[in-house]
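When the chains are written out, they are named A, B, C, D and E in that same order, and each has its own residue count from 1.
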Amino acid sequence: MSILIDILLAIIMVYLAIQCLLTPRLIQSVFLFFAFGLGLALAWVRLGAIDVAITEAAIAAGFLGVLFLDALKSFAPKVSVKQDNLEDIYKLPRRNIKSLILPRVILVLGLALFLFIALEAVWMIPDGGGLTASAEALLPQSGVEHPVTAVLLNFRAYDTWLEIGVILLGLLGVFVAGGIKLYKKPGASKPDPMLRQVILFVTPVLFLFGAFLLYIGKTGPGGAFQAAVLWGAIGILLHLGGKPIFAMIPRWLFHLILTMGLGFFLVLGFLLIADGRTLFEYPPAYAGLLILIIETLGAISIAAALTAIYANLNQMEEETNEVEPTT
Amino acid sequence: METTSIMPLLILISSIIPGILILMLREHQVALRTFLNLSGAVAKVALIAWVFAGYMRGEEYNYYFRLAPDLSFALRVDQLGLLFATLSSVLWLVTTLYAIGYLEGGKHRRRFFAFFSLCVTASTGIALSGNVITFFIFYEFLTLSTYPLVVHRGTDDAVEAGRTYLWYTIGGGTLLFLGVVGLIVIAGPIYFGQTEIIASLASVNPTSLTLLFFLMLAGLAVKAAIFPLHGWLPVSMVAPAPVSALLHAVAVVKAGAFGIVRLVYDVYGIGVAEQMNLLTPLAVLAAFTIIYGSLRALFQDDFKKRLAYSTVSQLSYIALGVAIPGILSSTGAIVHLVHQGIMKITMFFAAGNVAETYGYKKISQLNGIGRRMPLTMGAFTIAVFGMIGLPPVAGFISKWYLGLGAAEAGSYWVILVLLISSALNAAYFLPIVYRAWFCEPDYEASKLRGTTRLETQALLLIPVVVTAIFSLAAGVFASAAGSPLSIAREIAERLYLYLL
Amino acid sequence: MIHLPSSPFPALLVGLPILMATLSLFFRPGGKAAVGLMGSILTAGLALIAFVEVTQRGTVIHILGGWEPPLGILLRMDSLAAVFIGMTAIVGVFISLYAWGYFRAQETSAEGLPLFWPLWLFLWAGLNGLFLSNDLFNLFVTIEVIGISAVSLAVLTGKTPALFAGLRYLLAAITGSMAYLFGVSLLYGSTGTLDLGLLGEVLEPGPTTSFSLLVITLGLMIKMAGFPFHFWLPPAHSSAPAPVSALLSALVVKGAFYILLRLWMEVFGVSLTYAAGQLIGLAGAIAVIWGSWQALIQTSFKLIVAHSSVAQLGYLLMVFPLLILAPGVSADSADWLSPAWTAGIYQVIAHAFAKASFFLSAGLIIMALGHDRIESLRDLVGNMRITALAIGIAGVSLIGLPPSGGFMAKWMLLKGIFLSGQWWWAPVVLMGSLLTAGYVFMLLRLAFAPAREMNTFRPVPKSLEIIALMLALGSFLIVFPADSLIQFLESSGVFGSGIESIIEGGVYGND
Amino acid sequence: METYQIYSLTSAILFIIGIGGIFMARHFIKKIIATVIMGGGVFLSFVSFAQRDAITFADPVPHALVITGIVVAVASAALALALARRIYQLTGEETFTNDK
Amino acid sequence: MIWFISILLPLLAAILALLSPAVRRVAGLLFVSATLPALWLGLSEVTGVTVQWFILETHFFLDTPRRIILLLTAILWAAAGLFAASYLKNDARQKEFFFYFGAAMAGNFGLLISGDVASFYTFFALMTFASYGLVIHVRTPFARRAASIYLVMAIIGELFLITALYLAVQSSGSMVLAGIPPALAEAPNGQFIFLLGLIGFGVKVGAIPLYFWLPLAHPAAPAPASAVLSGAMIKAGLVGWMHLAPVGLVEWSSLSLLMVSLGFASALGAAIFGLTQVDPKTNLAYSSISQMGVMTVMLGIGLYGGIPAALLLPAVALYAFNHGTAKALLFMGTALPAKVGGSWRILMWAGLGIGVLAIAGGPLTGGLWTKYLVKTFLGETSLPGAQTFLLLLTLSAITTTLLLSRFLHLLSRIEAPAGNKAPSFLLPWILLLFAGGWWTMSPALLPAELMNHITKEKGIMAFFWNLITNWGALWPITIGAVVMVFTLKFAFLNRWPTEKPLLPAGDFIHVILMAGDPVAKGLQKGLDLLQSFMKTLHGPEKLFYRILDENRTIKVSGSAESSLRRWEIFGISFFIFFMTMFFFLR
């Protein structure tokens, strides 16, 4: 029975994925992507990966979906200016379709072969056994009770640290890509009275829920990323509501918020090295506390970064007039 | 192999340091530049003389530096190398003087003299290199350091010539590279003179060795301008006269010829090469090139172009000599390395003098020039006689040994080739001499007069006279101790002694 | 593995640049540059100290968090990593110095360019992390760090071509890293470990392993722009600002090569076949010819240099077929492994120096001319002689003329080729050299050619010219320590052992 | 057939759909979505093996890896989106043309 | 040391004369003193030396025949030098003449005293090329043409010569000239080598069929130069033959016969050709060819064996001596009639007459004696047909007389200057007359062995007063003289050309040139074709450039690259790569 559910879910996911890519209309595609993300989250749940499910729903489907949606509004108008037929607004441009047929046939053939080989590889996979046992054995020393958190912030803290760096890096990249002027005043937006009310209501709820997730991460599913997305949502909402927080606070503070997760992590690591340990080798007694601090600061930083990313992207077309088109 | 000496390195440094320093100077620091240049040149000659003397006393001057496994930078002093090094350094000194006079007031002189020095470094490096790798390193270094000289004029012609020059030489270089690597893979890090290594492999791996021989030969033949790889040489005539002189007499073409000598004598060994039948194709090619170059020269009206094709022809004498087994032809080949150098450099100096003083670049303009530039044309005439192979100029000596060698080896067709070449040499050189001395100058030309009391600037005149005297002396005092011939003879004797 | 001497340097090498990058964010443009430059110099110094440490103590490790593999992550700095890190440090510090001057001289778009510094330091940290990493997933994270910072750097100018190129680069990079990650997932699933050393020991051949090998190789090939996946490289590298182009070409693409080399040598020994090596070699060979040919027909300087990178990376791929022994050949008789290795390493280093110098020169030319159409290079030697000299010297190294690093690489490569009997690669090497000579000398020819119009060269800072020249010279100087460098590399067990050693079970030489 | 196998097979299919999308989709946004789908497939395979290797709890390492991976993928996608939007803003192009 | 000085002095003289006008004023003295060491070498017996450092280890040494010729040469150069100094006093190109004169002199001496191949060849070449300057001296079109033909022939000669020397040295294994004849006698290809030498030196000697440059070149030069050309330098070829010929050691019948018949053909034919000339110098040049023919005959006899070299070669040398002095006398004499006036003319005619007689072998002259030597050896040889040869020799005496009396006649037609005057160059002429007369007949020159062989203890003076021999010499001369007188006296017999030579000077060359003209044109055309072919034969680089610079190439490559940039193509290559590798991994 449960297998049937899984199979159904799998089929739905595959269908959604294919449809998402095949549909000619961009907006449909984005909504299908939302749906696909949710399907994937369900799959995580089915596989017992609640943390992943939350992360997926929050970041991959949620945050990214919002970004895509936001992008749609940017892509839409120009198409309409260009083309007379409103029917075609969201249609993808199709040029010399005939010349594309042969390559596509070959590609589909290739995909099919690839699929066949990949399925065989996945089917024939030997049982490697995983690391569950060793993780379980070492869990008590990690300072946290939830194994995923232990792995994320202790066993493989290095990866996590780098990953926080990646988000910051993504933000920097967005700054660069969006034109440097935006970097100077992230998130300057027009106020919207309706939204402001909603925001006033939602913000504390999101904040509290985020804090809960963060705290619960020590023992169960939840943690920094999930919390960060929620807090990031606050930022986004505030931004939409005409309160671009990062435009309001001093730049140094903004930078501090952005970098404190990464920075604290690193400084802590350096201090540990100075203490004669290795990087991220917490003293067992303080491990739990340190992890909590790191998670909190990390979550704040990530939230800030996500907010800033959204703000920048959201802002982009408003700058159109100021940027001279370059060739 | 254990003993190392800094001397060979010093010889190289004596020209590379001035080169680099000159590059750092400013264009207008003429005096300092000249001083650097000349002191480098003099130091080099002195060092080589010192090493030569020491070598004759039986001392060894070797320098090793291991770059990688199987890849040693080795400088070794032997007679053949010393002979070539002496030639390079002495002619460098002379050419430097000449170039100072020739380029007076020209543009980019700093660059010119800097690369000039580097070029000579490369050529002495080739002379002193102790193994094929080092040889290859300097061989390529030479290509590069001469390129700025070839394109020195900066005209479209010059640049185009540089392009051709590079395609040929780099192409040749890659072939040589392939051959060298292959050789090292088969035979290990091979030093010049260790012919026993190849000899021991000759029966094991004859096909590869033959293939590698021709690969390397092709690489070397480009610089030695052996047909059909000679195309770059006449084109690079656009370079200024001192460059052409250096290119044709000492540096580039000689590097190729010297390489062939090394390849056959000091890598494969003459015995193995003969036994593997490697020499006949070389001989045929060289012979063909001799005739072909002469034929082409016959049709050139451009003075320097005629000289260039003559170089194509003359250089193959060396290859031909190498290709004929026998002590006499080896002597001839080795001594022609030197003799061709001093004679051809004289010719180019003379051509440069005429062009620089009167602006004549065509042979048809040379009527009666001997009257106005007696010393220059006198020197030229001496060189011409040498080229034809008339005694007592140096060229006779080499041709004599080549001919005798051919007779000794029973290759009578080679004698025929030599004869035809001599006749053709006479046919394309003597008209120049005839015009210079026995034709009345054209009316307008006779109005032109040099401004100085001398026929041209002293710095242009002295080198040409000096090299002409060299050419004459190399012939007249050929069997004196220390003459090129006697050294060549010793080298050849040693080669064949070893074989026995 | 874990009982190797421990050292803090691996961790510091990753941490320091990130720390400096983070710090630099707090400053205004001028301060960013200062902090960035200081960070570069500190990192380079640290890298050199670490290098010396490795030369003295042998391979050092850093067990992160004190958790041993397979659960934890381990940073390992063996001689190969040390060489790569050292190279990055030297080239990186030169490029940093150049960038400092270069961006100061660029008044027009001064606003955005300061972000160069944090991005570059992130990139550096990513590279160091990659070279040090011994964990499949960690490698993924580092290549992502590298990828994102590289793309961000590539679009630093904000010009349209750069944006297009950057997006293409990014999509290709994501494709590559996802393919890589898929392979990692299957490997983890089939072995339960991510540590390279352990993986090499427990991995068994089978369809899954083969498939992982396939997707990982493909992914990395895309990331290192191996033919036919080089399509993203020329536009991306040519449209970036000069110091960035230099970084991308000299260092970034080498990261993927490094992983590929490590994985093939240390992990996938069991699944590799002779034919697979030949295929990679073939791709490399085509890249050499095709890239050089493309470079030859370009009309803008930076495109020439970018296409040249494609070709030069092809040489790296040509090392692979030599490292895999044909069936029935025992490792004892395979004396070509060592030259082949050396060839790869030297190609990496020499290309890094030469290509960095090339791009820096390109930057100077753009600075002087406002564009980089090669037709305008006429009379370059008359106007910018140091730059012309740098181009010449770097070009010579690219061609592989002696005594440059490129020569050393080609020498060793040809030696390996001959020793292994795979002679069919030799003509490719030569053709590549010739074509390279073709475009290098096309540039030089123009540089020497007489100017057609009035002199339009604007003056450029001499110090920048000298930096470019020094990098070019560097590509020659690296030959001199070659012997000791090769010995150093051979002291690491990885070096020179090839696949066979994996099969026999010895992974870490000084175990 | 066990649960994890369904998902691991699905993961391969998703990966392929994603990669096909990257090759065939024309619009920037779709290409970016395709990369995310591709990533989803990869992560699914990780987690499916985690479920296979579960003892008292599922293997936490792949979970952690996937969380990290998702964040990294999102960062990349965000950057790509920023680039795409910028391109569109500057030129009005929403697909790749060969000469750029 | 004396050896070197004898070469260096002329060279020094040449250079000094070129550089300093003051020296040129005393040029006569200069050249005479330059010949003194050679003269001394010719008169005394100096032991040979070896100079190791010079060229390819030079040996200086003289044997009897070469000493005789050296003496001749020294005398001639001294006389010609004195003669030239005053003869060319006002010449515009005086200094050049002196330069070439001195250089040729050095070469001439050098080739005679050198005993090894390399230095012999060196000096031979020096002489050959220096005399080019003498031939072209007057710069008239005629002289230029003559000089060109001379040069071409000289170079051809040199080529054959050097080949012969290569092979000869190779077979003898040493560079010493004395070793070559025995080696050639032994060597299987000895005849071939000698034939090469025969041709090579034959050019200089003016042997049939290589003589045609000679009647052009010798007259083209100024009188003193013609004198040394015809008197001394022409003997260099003879010396060369003597160096190569294994006289008395072999029996090369065919070569011997060839030489003898060619010699006689020269002796008679050249005289007949000479008769048709109107220029006295051309006339003399033909006479030289004719006389060299006789010497060729003598060497040819030697190759048949039976006569030892020690006997034959001095005889040849002596014959050369006689001819050289007399011919130089006559050549210089051609300059006299226009300058000598009054009673001095008697002296002049007497001298000329003696010269003519000496060449024709008239009684009481050295010619009688030298011709007798020829006769003796002709009589002794076992060569078939020796009797015919004797007859031919006599016939040649007649033709020579005819030729030379014709020469006298031609001279007599030159208008004499008014008054009783003699140019200063009459003095060296007379000195030469005496010196020649003295040494030809002096027994000092001949080795005693030869003397004994010929005169059988009677002594040379007895021979001179022998009526029979004198008569034997006289009657052919008389016949010749009578024929000449008669043809001149009687108008119906007087068909001698006066304005234009019946046959152009250099006869054969004109045939060659005429026949060669279409050939030369064809050759030119062929060469032009060759040249244009070579020009179109672009280097491979040109082809490459053409491909490279072709727009289409660039376009195609560019579009190929940009198609690789298409995502679909990326995908396809991805899958191709994937599938290939997948199969390779199996």
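Quick note on the criterion: contacts are C-beta pairs under 8 Å (C-beta built on N, C-alpha and C of every residue); 3 or more make two chains touch, one makes a residue touch a chain.
Note that the structure is predicted; figures quoted are calculated from it, not measured.
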>> For subunit B and subunit E, which third chains touch each of them?
In response: C
> Steps needed, at minimum, to get from subunit C to subunit E via touching chains?
Replying inline: 1
> Which chain pair has the highest count of C-beta pairs that touch?
Replying inline: A-D
> Taking each chain's centre as the average of its Cα atoms, which is closest to the average over all protein Cα atoms shown?
Replying inline: B
> Quick one: which chain's Cα centre is the longest way from subunit E's?
Replying inline: A
>> Need the CA-centroid distance for the pair subunit D / subunit E, whole Å please.
In response: 101
>> Can you work out the whole-Å distance between the CA centroids of subunit B and subunit C?
In response: 42
>> Based only on mean CA positions, could you tell me how far subunit A sits from subunit D in angstrom?
In response: 12
> If you average the CA atoms of subunit A and of subunit E, how many Å lie between those two points?
Replying inline: 107
> What positions in subunit E touch 2 or more of the other chains?
Replying inline: 565-566, 568, 570-571, 574, 578, 582
>> Where in subunit B do residues touch at least two different other chains?
In response: 163, 167
> At which residue positions does subunit A touch at least two other chains?
Replying inline: 104, 107, 111, 114, 117-118, 121-122, 125, 127-131, 135, 151, 155-156, 159, 163, 166, 169-170, 173, 177, 179, 326
> Using the touch rule from the top of the page, what pairs of chains touch, sorted by label?
Replying inline: A-C, A-D, A-E, B-C, B-E, C-D, C-E, D-E
> Which residues of subunit A touch subunit D in the complex?
Replying inline: 2-3, 6-7, 10, 13-14, 17-18, 20-21, 26, 29-30, 33, 36-37, 40, 43-44, 46-49, 51-52, 55-56, 59-60, 63-64, 67-68, 71-72, 74-75, 78-79, 82, 92-93, 104, 107-108, 111, 114-115, 118-119, 121-123, 125, 127-133, 135-136, 147-148, 150-152, 155-156, 159-160, 163, 166-167, 169-170, 173-174, 177-179, 223, 225, 302, 309, 312-313, 316-317, 319-320, 323, 325-326
> Taking the complex as given, what residues does subunit A use to touch subunit C?
Replying inline: 117-118, 120-122, 124-131, 134-135, 138, 151, 154-159, 162-163, 165-166, 168-170, 172-173, 175-177, 179-181, 183, 252, 255-256, 258-259, 262-263, 266-267, 269-270, 273, 277-282, 326-327
> Which of the residues in subunit A come into contact with subunit E in the complex?
Replying inline: 100, 103-104, 106-107, 109-111, 113-114, 117
>> Can you tell me which positions in subunit C touch subunit D when the two form their complex?
In response: 71, 137, 140-141, 144, 147-148, 151-152, 155, 158, 160-161, 163-168, 170-171, 173-175, 178-179, 181-182, 185-186, 188-189, 192, 194, 235
>> Per the contact definition, I'd like the list of subunit E residues that touch subunit D in the complex.
In response: 562-563, 565-568, 570-571, 574
